[in-house]
Amino acid sequence: MRATLHNVTLAYDPPATILKNFTCTIPDGELVALLGPSGSGKSTILNLLAGLLTPDAGQILFDQTDVTRQDSRHRNIGMVFQDYALYPHLSVNDNIAFPLKMAHVKKAARQQRVAELADLVQITDQLAKLPRELSGGQQQRVALARALAKHPQLLLLDEPLSSLDTTLREELRTVIHNVQRATGVTTLFVTHNQEDALQIADHIMLLANGQLQQVGTGHDLYAQPRNLTVAQFIGRPQLNLWPVATLPTPLRASLPAAVLAQATTLGIRSEALQLASAPTEAQFTATVIQQRQLGRDTLTSLQAAPRLVSTAIPRTDRSTLPITVDRQGCLLFAATGDCLWTGADQ
Amino acid sequence: MINSRPTLKSTLRAALYLAPLLIITLMFTVWPLINALLMSSYTKYNYYTNQVRALGWANFAYLWHDPTFHLAVRNTLILVLLVMPITVALSLLIALGLNRSERLAGLLRSIYFLPFVTSTVAIGLVWNWIFRLDGGLLNAILEKFGLHAIDWLNDPRYALLVLSMVCIWQGLGVNIILFLAGLNHLDQRYAQVATLDGATAWQRFTNVTWPLLLPMTVLIVINTSVTNFKVFDQVYALFHGSAGPGNADLTMMYYLYQKSYVENQVTIAAASGLILFLFVGSLTLLTYGIYRRLGRWSR
Amino acid sequence: MKLFRYFLTSLSAILLLGALSACSQPKAATSKRVTITFWHGMTGDHQQALNKMIQDFNQSQSTYKVVGSSEGNFGNVQQKITAAAKSQTLPTMAQTTYTNVPDYVRGNFIVPLNAYVDPAKLNQVVPSLRQSSQYQGKTYAWPFSKSARILFYNRDLLKKNGFRVPRTWGELQRESVQAKAKGLTGLALDQSFTAELNNLAMQAGTPLMTPHPQLTNPRMVAATHVLTDMLKQKTATTAGTDGFGNVKFFKGKTLFYSGSSAALGIMTASTPKGLHWRTAVLPSYRGKSATSIAGNDLVLFKSASQAQRKGAAAFMQFLLTNRETVKWAKATGYLPLTKTALRSRGYRQYLVQNPTAKAAVKSLPIGFQDKTFSGYSTQLNAVNQTVSQLSTLEVTPEKGLAQLQAQLKRTQK
Amino acid sequence: MTKRLLNGTRILCLLLGAGLMLLPFIWMLLTSLQPASTTLSVPTHWLPQALQWDNYHRIWQAAPFARYCLNSLLVTSVTTAGQLLTSILAAFAFTHLQFYGRRILFGLLLALMLVPGELLLIPNFVTLAHLHWINTYAALIVPWLASIFMFITLHQAFRAQPKTLYYAAHIDGASDWQYLWHVLVPTNRPVITAVALLQVIGSWNAFMWPLIVINDDRLRTLPVGLMAFTSEQGTNYPLLMAATVCVILPLILLYFGLQKYLVLGITTSQSKGKSL
């Protein structure tokens, strides 16, 4: 099923999140991540789709059906809440069976479905326990199973991994990915963590300030960001920024002059800042402030005109370094923030 | 849901859920209250035949000038100001002490709750026996310690104190149960997090338990005050149907009882009831107001 | 869901049950007899004695059936009457304090008995027990449970110390002073000494319970001093929250107890082993004897049908027959009501066997009952409050009585 | 070390307090086993010299206690069930539903909690008389079917529950009605048990109202039956105490029975937090 928000406008008080004429589409059968910093309106969109929020104007479409005014009970969706919202008085088995019970599914059929789902999320051995006896990861699996119980046409996940530690996170990313593949249900996954999004989503919708900044695959967003906000949000360490006005001449020369004339800011990915093989090749020199080992990568903080961070410089004892910039990792932005040119364009 | 605003339809739906409570309340609380309100303004009134010949403020004027009523107001206020804080503090303390799952706590919980189970009348007689001058348990203990026996019940200086003690004793049970129910709702993780943050037991209480317990506390404070504003049974039982030596334990409720059932002055009784209501109401509003100012009522 | 269904079922079941029981009031069963409902304030042994008499009446004839029900103490009965009068659900008749009659007349729900009873029957009643029945020239209250204030004394203590039963308050005061020197208490009073004060006031010639009492009259003040001075000297004590002075009296260190003759039964039952007590008429004051008679009467309500009224009257007159009134007196310690009953052999025999009952009978010739008037209960309550202050010695009689006088003036306005 | 000492002090204090709480009951029990003549004697005998079990036998004969018991049981259970129903429904509406006048209505209800009951006694009696309910079970039950205190307590508890449970149930296809009985009520069982218990006690011990609205001995409740043992002239303490023991015993047993429930609620709180 394809879910569409069409020209949706919504303003409601608690956190002043405002959507204005917002439009987006979640393609059928895909796992889409809605990525954005907190306060960007991700949860608002999720709740709109779930029917927990009603838009002031605009339409919500499931395929061709207008569900804007439809109660969430009748939308046939599944949802996993950030705090899981498991029913504390029901066993795992009954939690998963709850939506089916509400739909008056016969007990035998219910049990069969529970068994299937428990197998899918690998909690078959926990069925008799109460939620409070489970670890966070297990609770997450239960919540997922419950959300899938009545074969929803849309699965909504609200920051499902945010309260888990790194190992569990990895594990559950796989679970979610696999479950989505196995069931083929259209899934919207809300997160502020780009790794979650990059790792499992088919598409990422990047949201900031109540605006949809860009939609695309992880690679699209990284290599071809539409604007400064996207470029800054995706990729770690964060994009290095250098005002065009203060660029050293050798570096300026390596960029297309026509674009440069309109641009105000140069963005350089950290892996594009490399050690020049010979001093003559250097586009500028920088002072080493600090070097840190982050697993495979070495993170080098440099002081040139602006402060820069590189991940492509091997460990060194020298205090100043000659640096070259890989054109591939360069991006030029206009004063409006629009991306004018990327090194990957060629 | 989250942002839904009241509509005619949602109001009707809510009305269905509210109807049972509201209908009963309207019939058996609001309607008689209106009756009482009207009655307090009748000055030449035949209660049985319901003939009203004059309306006015005479009943309130009577209360304004009646030294007995002043005494009742004074006693009631002293009682509330004495009993309420002590009851709330003690029951919180005991509830915190009992909020463990050890086996002994279960038994103790039951014991603390016992006073509430018993009818006031019977227990009043028992207290009467404990406080009596000779042969009373309390005086027997005092004499063991070489102190003079005190005529607790017949000395106007002590009679109100005795009443306070009985009220506290009887009020503890409910409040402990309510506090325990409130503690039950607390998320222990906050306390654990606070412990990790290096908070002492006291800091944990003031910074974590107490704020989270505040809604229940406000409810208990209001409820305890209301209960003690309305003290009657205890007085009646403790002093054999009198208001204590020299009216030392005359409460507003007892005054109301006397006016309406002993003296047949129903209009004055109604007026005094309304004043009692105003007292309790303003006190509650005050508590509620302070609480709202703390800004926690609406999350 | 299940829980809710359970609620609903049980709720409707109960409502149904309530409705059924409301419908199935035993009307059909007694269609032949006229039912007379009778609310009274007798409990325990007294209730059982009364039930026996009701049973006797029901068996004595076949026209009426009296259904008596105990409604707690007199305060409770009064509350029930108030509520029932307001909602027009009164019984046929009730036992009540006669001082309520003016209120009932004002409320227009009581009916005079004159048309239904034989005046000769009432005339058989001892005069001092009969005073209470009249209000505004009509008979509203039928004497029923009456008791006199009497003096109980500890026989052994008196004998041991060479005291005699006092004839006057002066003697009583003197003996009390002597007793105090020996570590004894002279007189035990009930929680409130209103009855004794009422007596003394009457004896002083300044009655307390009249619409316009002379409270600041020196004789009234002096009469009050009799009691308060004894309390001050600690030759007398009030029962305080024990309620009744017999508690103190039974501790065996008190010579006298001024109490109600209706307490004879309960006192006999709770006498500690080895204590012997007797009774006497209350002492005189200023050379005058007077004893206040307290008690309750029967009244007939207007809502009763003609047949019920007749039945109630028949029952009231039945209660006045020698046999019944003597039975009542023997079982409860209340006074027998008629002159013939007092003289009857059965009762005289009873007095020989129970000498303690004599004092009340001897008090009858000097007995008096308060005149009832509108506002009686308000005044009594005010008097009681003053007495309460007097007994804790918070105020002097002079001041207390003056305050009371002022208060009565204000309420009567 | 200090921790152990502290814990010891805590338990000691609690035990001491419990002793104080228990004292009147011990006295009550002892008195109920004394003969009438010793209660007034000096020095007071704290311990009965010979146990008068006969007192219990006598009270059972003095009044139709079994009938009173049955009536009390009936009235108490129906009143409590009814109150729970009305309070739960209203508390749910105030917690989760949107309607006009919500705040004002809540304030009004809160204010009504403060009305002194004695003021309403007679007007209510008149209402019941108009309904022809005097001297019926309905008179004992219907006026008490709404308890504002219970409503407010439950409302407090309900609103403390995470709202996501409500949303989750909704998305899982539960109607408000289903959410109410399948989620809200079961998850709040400890609080509901606590308020129900308070109500049971109140209604079991009610005296004034049953006295006034019931004229017929067959419909009397236990506390009203107790009055058979007091009179104007004095009280037979041993009998009264024996009767009182009989009246409060069922409540104590009930409390001990529910204790497990209450404790369950209290001890599970640690982990309940996780789902909050």
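Labels for the chains are A, B, C and D, by order of writing; each one numbers its residues from 1.
Everything below uses one rule, namely that a residue touches a chain if its C-beta (ideal position, glycine included) is under 8 Å from a C-beta of that chain, and two chains touch if they have at least 3 such contacts.
Note that the coordinates shown come from a computational prediction; the quantities given were computed from them, not determined experimentally.
> Which chain has its C-alpha centroid at the greatest distance from the C-alpha centroid of subunit C?
That would be chain A.
> Just curious, how far off is subunit C from subunit A if you go by their C-alpha centres, in Å?
89
> Find the geometric centre of each of subunit B and subunit D from their Cα atoms only, then give the gap between the two centres in Å, rounded to an integer.
Each chain reduced to its C-alpha mean, subunit B and subunit D end up 16 Å apart.
> Measure off the straight-line distance from the CA centroid of subunit A to the CA centroid of subunit D, and report it in whole Å.
Each chain reduced to its C-alpha mean, subunit A and subunit D end up 55 Å apart.
> For subunit C and subunit D, what's the span in angstrom between their mean Cα positions?
Using C-alpha averages as centres, the distance is 36 Å.
> Got the subunit B residues that touch at least 2 other chains?
1-2, 4, 134
> Identify all positions of subunit D at which a residue touches two or more other chains, and write them in rising order.
42, 85, 122, 142, 167, 170, 178, 182, 235, 271-272, 274, 276 - these are the residues of subunit D that touch more than one other chain.
> Do you know which subunit A residues sit against two or more other chains?
If we look for residues of subunit A contacting two or more partner chains, we find 51-52, 72.
> If I apply the definition of touch given earlier, which pairs of chains qualify?
Those chain pairs satisfying the definition are A-B, A-D, B-C, B-D, C-D.
> Under the stated contact criterion, what part of subunit C meets subunit B in this complex?
75, 78-79, 82, 85-86, 103, 106-109, 191-192, 238, 240-243, 251, 377-378, 381, 384-385, 388-389, 391-392, 394, 407, 410
> So in the complex, which bits of subunit D are touching subunit B?
10-11, 13-15, 17-18, 20-25, 27-28, 31, 42-44, 85-87, 89-90, 92-93, 97-102, 105, 109-120, 122-124, 127, 142-146, 148-149, 151-153, 156-157, 160, 167, 170, 176, 190-191, 194, 197-198, 201, 205, 207, 223, 226, 235, 237, 240-241, 244, 247-248, 251-252, 255-256, 259, 262-263, 265-267, 269-274, 276
> Considering the complex alone, what residue numbers of subunit A touch subunit D?
50-52, 71-73, 77-79, 81-89, 98-99, 101-103, 131-133, 136, 139, 146, 149-150
> So in the complex, the part of subunit B that touches subunit A is made up of which residues?
Spelled out, the residues of subunit B in touch with subunit A are 1-4.
> Which bits of subunit B are touching subunit D when the two form their complex?
1-2, 4-7, 10-11, 13-15, 17-18, 20-22, 24-25, 27-33, 35-36, 94, 97-99, 101, 104, 106, 108-123, 125-127, 129-130, 134-135, 137, 169, 172, 174, 177-178, 180-181, 183-190, 215-216, 219, 222-223, 226, 229-230, 232, 253, 256-257, 260, 266, 269-270, 273-274, 276-277, 280-281, 284, 288
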